[in-house]
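Read through the structure below, which is laid out as structure tokens, and then see the notes.
For reference, chains read A, B, C, D and E in written order, and residue numbers begin at 1 within each chain.
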Amino acid sequence: MSDEIKKVNGIDEGFDEISEYFCDARPSPVSPSANRIVRNFQNWAQANSIFILGFGTGCGAIELRPLFTARYDVSRYGLFPRPTPRQSSLFIIGGYASIKTMKRIIRSYEQIQNPKFVMGLGSCTVNGGMYWDSYNTINRLDHYIPVDVYVAGCMPRPESLIAGFDRLKELIMEGKAEGANTYAENFDWYKNNQKKIIKNWNMPEYNW
Amino acid sequence: MMEVLKQAGYSLATLMVVMNYGLLLVGLVTIIVARVHGRIGPPIWQPYINILKTLSMRTALSHGIMFYLGPVFRIVGGIGLLFFMPVVYGSSWMQNFSFAGDVILVVYFVFFGMLGMALGAAESGHPYSAIGIMRGLAQNTAAELPFALALMALAAQHQTLSITDIVAAQQGGIAHWNMITNPVATLAGMLAFFGMMMHSPFDVHLAPQEIPIGPPTEFHSSYLALMQTNRSIFHAAKLILFMNLFFGGATSIFVMVVKTFALLMVVVFAGVVFPRYRVEQSIRWFIRIPLAVGILAVVISAWK
Amino acid sequence: MKDTIDKIRSMFDGGDADEKREDLVFVTVPATQVVDCLGYLRDRAGYRHLVMISAVDYIERGVFQLTYLLHSYEKQNDIGIRADIGRDDASMDSIHRLWAAAQVYQRELREMFGIDFPGSPRVDEPMLLEGWEGIPPMRRDFDTKKYSEETFFPREGRKTADPATHMAEKNYASEEQVKRSVKDLVRGRRKRKGNDG
Amino acid sequence: MKAVLVIGLLLMLTGFYGLMTRRNMIKMVLSVAITEVGLQMVMITAGFIRGGTAPILTEDITELASFVDPVPQALVLTAIVIGVAVNALMLAFIIRMYGKRGSLDVRDYTDSKW
Amino acid sequence: MVTPIYIFIIALGIAFLLPLLERAKKGAAETVFLAALSGIALISWHWLFSLLTGRCEIGEIFTAGFRPPFSINLRVGMEEAVFTSAINLATLAGAVYLIRELSGRGTKSMMLYLLFVMGMNGMVLTRDIFNLFVFMEITGIASYALVALRLDTKGLTAGFKYAIAGSLASIFMLLGIIVIYMITGTLNIDSIASRMVSFSGTAAAGFVAPAVFMLVFAFMIEMKQFPANGWALDVYDSAAPGISAMISAGSAGAALFAIYKILPIAGEGWYMAAAITGSVTFVAANLIGLKQERAGRLLGYSSIGQMGLLLTVVSLGLKGSLPSWQLIAVGLFINHLLAKAGLFWLTGITGEDRIRNWGVIARRPFLLMMMGLFMAALSGFPPFPAFWSKWTLVMSMFSGGMKVWVVFILLGSLFEVAYLFRWFGYAVRGGVEDGESGDIVKGTPEKTAVIFFGAALLTAVAYYMMGKMIDNSTLMLMPLVGAAGLLLFERFDPRVRGIVSLAAVLYYGYMIIPGLSGMPLFFNSFFLGGGAIMLLATLHRRTASRGFYPMLLLMIGSLSALALSSTSLQFFYAWELMTFSSYILVLRGKKAMKPALLYMVFSAAGAYLVMAGFASAGGTVFGGAGDGIAGMSGSLQMLPFILLAAGFLVKVAGMGLHVWAPGAYAEAEDDSSAIISSILSKAGVLGFVFLFIKAGTAFTGSTYLYSTIGWIGAITAFFGALYAAMQEDAKKLLAWSSIGQVGYMILGLAAMNQIGWVAALYHSVSHFMFKGLLFLAVAGVVYRTGTRNMYEMGGLIKRMPMSFISVMIGIIALSGVPPLTGFGGKWLLYNALIERGWYLQAALAFFSSTVAFLYCFRLVHAIFLGQAKPAFRKIKEAPRSLIAAQYILIMAIMMFSMKPSILIKPIMGIVGERFDTLLTWQANTLYSPFGYWNGFAVMMVVCALFAILLVILLLISPKPQKVKQFNIVFAAERPETPETTHYAWKFFTPYERAFSGILKPAATRFWNAVGEWAEAVAAMSRHIYSGNTGAYVVQIFIFGILLFILSRGGLS
């Protein structure tokens, strides 16, 4: 906020934007239901109704579109696109992620509610792919947010993605896709890694 | 007291029937849309899974008290709309609380949920929510114009505002339906119906591509579950309202299912064929032909 | 075109024209003359469109070579004005008053090469490298691989091959095999010979 | 008598004309004065009886009817006095005004208008 | 009886003695001078007193011991006594006012003043035509000199102009006199009149007409008739205000009296010509006054206008067309005398000639109050004499069939109201333009005292006239007494004043309400109860709030009186009182200058329509009291119905006549807005109720008229809602909403059936509750945030939760969503309209009520929801008294929502058996012929559902994490600032675009054009007053020609 606007609004010197405007609570892991039947039931529901938030900054985004067309039609498997992180559970990172993009990825990831899954799409998310020695592109996505499934390829075909979804469903059913809890448990490690590359942080620790 | 409890129990049963019916309808519509697109589509019970899934979310957040209450308002609006209407004519248990008010009550109650939801969505502070609400409200009010005219035409025709009486007047075969006896009013009502169902091409308030789904942008977890449940009830309730007003009501659940399904199909097929209107386009659309039809309907009905 | 080049050379101490194509000529002028020269080209010679500004790091010569590429709609040809500026404390006159669009290029050059354009709007705001410290990444003395390895947690197991060898193996496998087998054959014969011997 | 009447009326018209056309304030006052003179002449004819005597009661008066009507004469006297007073006052104003602004043109004194 | 000769003796004698006295003792002259004036005044008062008490007869005094026609005679009759008393009173007061100035100029000025007074007395008293001339000249010469007393160029010029015009007048007068003398042989007015009659048909008749013409012409010039009055304006403009006051009040009065004596000589034919001249002058002067920017000249225009009106009244009275014209004339004259003099004196005190700079007076509340009082008197607001005079005038004119006259007179009055209150607006709200902020108006004690004396006298006369004119004057006086009583508390803390007002209202209500029934009961409990709640809300005031509580009390009281009125006059009296008090309340707003003026002009126009309506109805008893609950009286015909309905439509801001309303509602102070919008807007509804009761449906054209009114109501409702949705200003939004909501009430009433009336009355109450609630809540917000632009607010729910709840309840009730009260009104309304067969109107009303959702949502969203702004992150909840008032209203809303029967049943009783009974109650269900509504059940179902579902949500939902305002999914970005994230500005742009075709402010443009045309005509025509003496002379001659033509037309 520029000084001028501050003056107009009468904001005093000690005004801290971040703490004023953002919730500063840390995330805490929420363990799944203790009852096995309930847990399995919930996992089944989670696995059969996956709302996708596509993060299409990389070239992989172009491979997401055909999934919803007549040729591949993932809605058969209970997968639907959803435009807002609040309602989604699967976060697909569509390719290379630059530092600037990472900031947005982290923000969106944190805004998804607890059982949340991440799919890394393409080699770039795996090890940097063809941008492996770039000064501006990350190499390993899983050092910044927990990734459940990687779909390798440059770019992977939609069929590969569907295979990835299958794998993800298996993981969910088995109760192994607990990325959100991992993130909350290793919060400091993730934040360290994130802050190592994002120099002007300018947002709260955790974006609720 | 017992009467009241009995009525409450009956209404609850009705609610269950209509809710399940509504959920299946939503699932079916998704499938139909998919088939039109040449896809297979999700299973018909997908709405149930979706609700279960949203219910099984482990965290939630709240922007404030109105945000928290918004979905409650919304679903009260939906259920209330249903509760103030007789669902099946002549049935002893599907009359709900229709003794509490006539069609004007029902029509105004449509806005209860909308307003409550709008308050909740607005408290989230998300600009897209506000934009979505603005669009939704703007378009809905425009759609009310031909609907009000159609309603007045019916009132003029039947000299009553009670839904039960309107349905009663339409008994005795298709020839007595308002669709036949007052085709112009029916036309006006149906044109308004497009807007009131908020289905494509009148779904600009959601517009996933420009304002990520509008008012519910911030809602999630159990809030979303309530809203999805409400969506099915609300849809079904609106269908039942129109069925009662123009298409002779229903004498059994089966007839109700058939008629409301047919009604919904009109909207759905129109929706898959036509692209989305912009807000001012849809408003202008309503204040042109449907308005003219509505006025014609009133004039004709009052003439009689 | 020819006249224009001559004019530039006479008026702004331009060097020899480097004619790449019939409709693309580069002229080098002293850095101090660039703004005047561009102004002349824009207002008098009809080169109203600034196509781009780019820089090349000639670390060997110790200079950045800036290239301003202009286009004339009437003449349907391009002129590139080149200027060398020193690598140390690289600074250049801003031309955002001639073309407002130039500020974007200048911002980029500032960010990627560290060339300063005093007075250009928002020139110090980064476009991409938020909070970047150290030498700008496009300078040739910046070791991007090293930086990447230090910063981005490289995944173990990545194999890097010489592209030429790799492509030869990948695409011309049969020929390679023949070669190798011939080699092997020769070697084997020798071996055998040796064994024999 | 008629001649006096006609002259009086003519003088009045002259005065009116002057009042309407003159822009010099003194001339305007003069016009008023001329009008008044004309008026007085008209008035005086009102009570005049040809061959009558002055309306002064002396002892040898026999016939009251031969008196010139005294009332108009009284009126004229009053009118003259008042007229003179007003004219004097106006001239006094004009002198003051001239002292302030140095002009006699009435068009220069339109400070308050509209 | 004291002989009038003493007056002349005192005046002349003292005048000659003054220089000697001054030489003998310094300062003695002043004392003697005042004593002399007092003596003169005492003589005239003595006459008046004696004549009133009948202690003596009308006196004829002969000079020189002969009977007329041989000598000059003076007469002291009732008229003379009244006029001399008034003139002498004014001149005495004026002398006190002027005393320092006069003594500063030496004894000569006092002599002039004495001569001036003597001349005026003589003009009134003498019955000799030539003597009249002499006195006129004496007055004239004295006043020429007095005008130029300051010896500045302006004054001298004015004196010169005055002298020229006076000379012309005297020339014509003498000419006329002499011719008349020649013909009749006498100078006595009475004898001339009697002898003139006998000349018709003889040879001398040829001379009569020109002679009479000359005479009348001369007096017309003296009466400053249009267009021969430029010089007079310059005189008022240029002389010292104290002198102008005397010329305007005194000499004009004397001239009026003179012409009153002269006109009978001129004969029947001249009455009409004089009346026409007078009314043309009245209209023209007031029209030209519209454009006037200088106080002195403005008052000049007003004076000339008043003279014209008086001339009209006198000549019509003499003609015999106006019964009780004496009362009208005396009322108007005394009113003019005191009020105009008072205003001139005020001008003198402020020393400020440009009305734009009159903000200086605002620092002296006392003077401002006096100014307001004089303004009210001059524009004919009750209880001042002009009000009664105008009322009687219009009544008599209508009954005499002079409708066109009424139109002109009311038009002129409207212009006068416009410019006077424009001036007053500057005084209250104008501030000081030239930045001389340290310049505080100081009046010397005697000047202030004189002004106060004038005002007191005016009030006394008003009281006297009121007692004479109105029935049940004690009751009608109550509001004024209350307000005046409250003035005594002005020095106290505002809270004390508020509590006293509250107690007064409650006590008053306690006293009167038990004795009432029917409509008066309904409206009184509504006005007084509502007023009490709103008064409670004003208790948060900490600022001085000068004059606020008296005016508020006056308004509430006048509303109550309105409901209690039982005659047309009482109704109109209360109506005008309400208009004036609410105008002052509106004007108290910071930016209210223009809106308040607009409000005043429209209200005045509406009031004139109402007055004309009453007049055309011809003495019909109008009002609520005394009306049973059964049947309609059916005593009104079409014309009065139209006029009254139009007048009330202005008040309810019916579409087309609404342009005043948004500004007035919005720009008043925040808590006043609540009162004005929620209570005052019902005054028009009340008017319609009474009107419809009186009119019934039996008269010719009733069907069309009612359906026209119904359509206007529906269209008003629609456009009110539509415009409300487009406002950025919270109070403007509510203002438009109020306009629309009142439209529903009119629509309901116009349906003329039981349901419609129940709907309208029910909706009145519920509109009062929710609109009061909303306005108060918004007042609290505006009070804290200091802005009215909704987009500048946002997210206040966290800071002001109580206000939020108020607004939420308010909008749910307003939008008519069940289960709150608003729905009942809508339901009843639709049933009424269907019963009436007004389906299209019903559909339009329905659509409007859905459009209401738009602004409802916008209001609550933009203010309380969305993004909180950093500037408001520390603001507190609204003041407690505001909140308390709101929660009383909320409780009422909840109660009536839960059990609508406790409100609807009494209303059904009040509506009574005027119509066929259509509504029936069965337990909690209300049945109409078409449908049914069980408010209780709806409420129960909704509450139960809400509770159950809330519990369900609490059970199924994980414990939510509370987050802050920027924790939103912002397309993976973070919001930059709350200002750019809060979507509130131009909220319904698409709607605006879609409806752009009908959103053009046609009415505003139309009225703007009317205003501009009026101003343009004024601006154009005032250029004839070029300030050039020569041109004035020409104008006098032109006027003469016109008058001649007029008289020819009149005589033939």
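Note that in this section a contact is a pair of C-beta atoms (placed from the backbone, for glycine too) under 8 Å apart; a residue touches a chain by one contact, two chains touch by 3 or more.
Everything numeric here is computed off the predicted structure, so don't read it as measured data.
Chains making contact with subunit B as well as with subunit E: A. Minimum number of contact steps separating subunit A from subunit D: 2.
When the C-beta pairs in contact are tallied for D-E and for A-B, the bigger tally goes to D-E. Of all chains, the one whose mean C-alpha position sits at the greatest distance from that of subunit E is C.
With centres computed from Cα atoms alone, the innermost chain of the structure is E. Annotation: 70 Å between the Cα-based centres of subunit A and subunit E. Between the Cα centres of subunit C and subunit D there is a gap of 109 Å.
Between subunit C and subunit E the centroid-to-centroid distance comes to 82 Å (mean Cα coordinates, whole Å).
Spacing of subunit B relative to subunit D, judged by their CA centroids, is 97 angstrom. Shown for subunit B are the residues in touch with two or more other chains, namely 55, 57-61, 212, 217-218, 221. Every pair of chains that touch is listed here: A-B, A-C, A-E, B-E, D-E.
Contact residues of subunit A toward subunit C in the complex are 98-100, 126-128, 132-140, 143, 193, 196-200. Considering their complex, residues 30, 34, 37-43, 46, 49-50, 52-61, 208-209, 212-213, 216-221, 224 of subunit B touch subunit A. Subunit E contributes residues 869-871, 873, 958, 961-967, 969, 972-979 to its touches with subunit A in the complex. Within the complex formed with subunit A, the subunit C residues making contact are 128-133, 137, 142, 144-145, 147-149, 151-155, 158. Across the interface of their complex, subunit E is touched by residues 1, 5, 8-11, 15, 20-23, 25, 30, 55, 84-86, 104-105, 107-108, 111, 202-203, 207-208 of subunit A.
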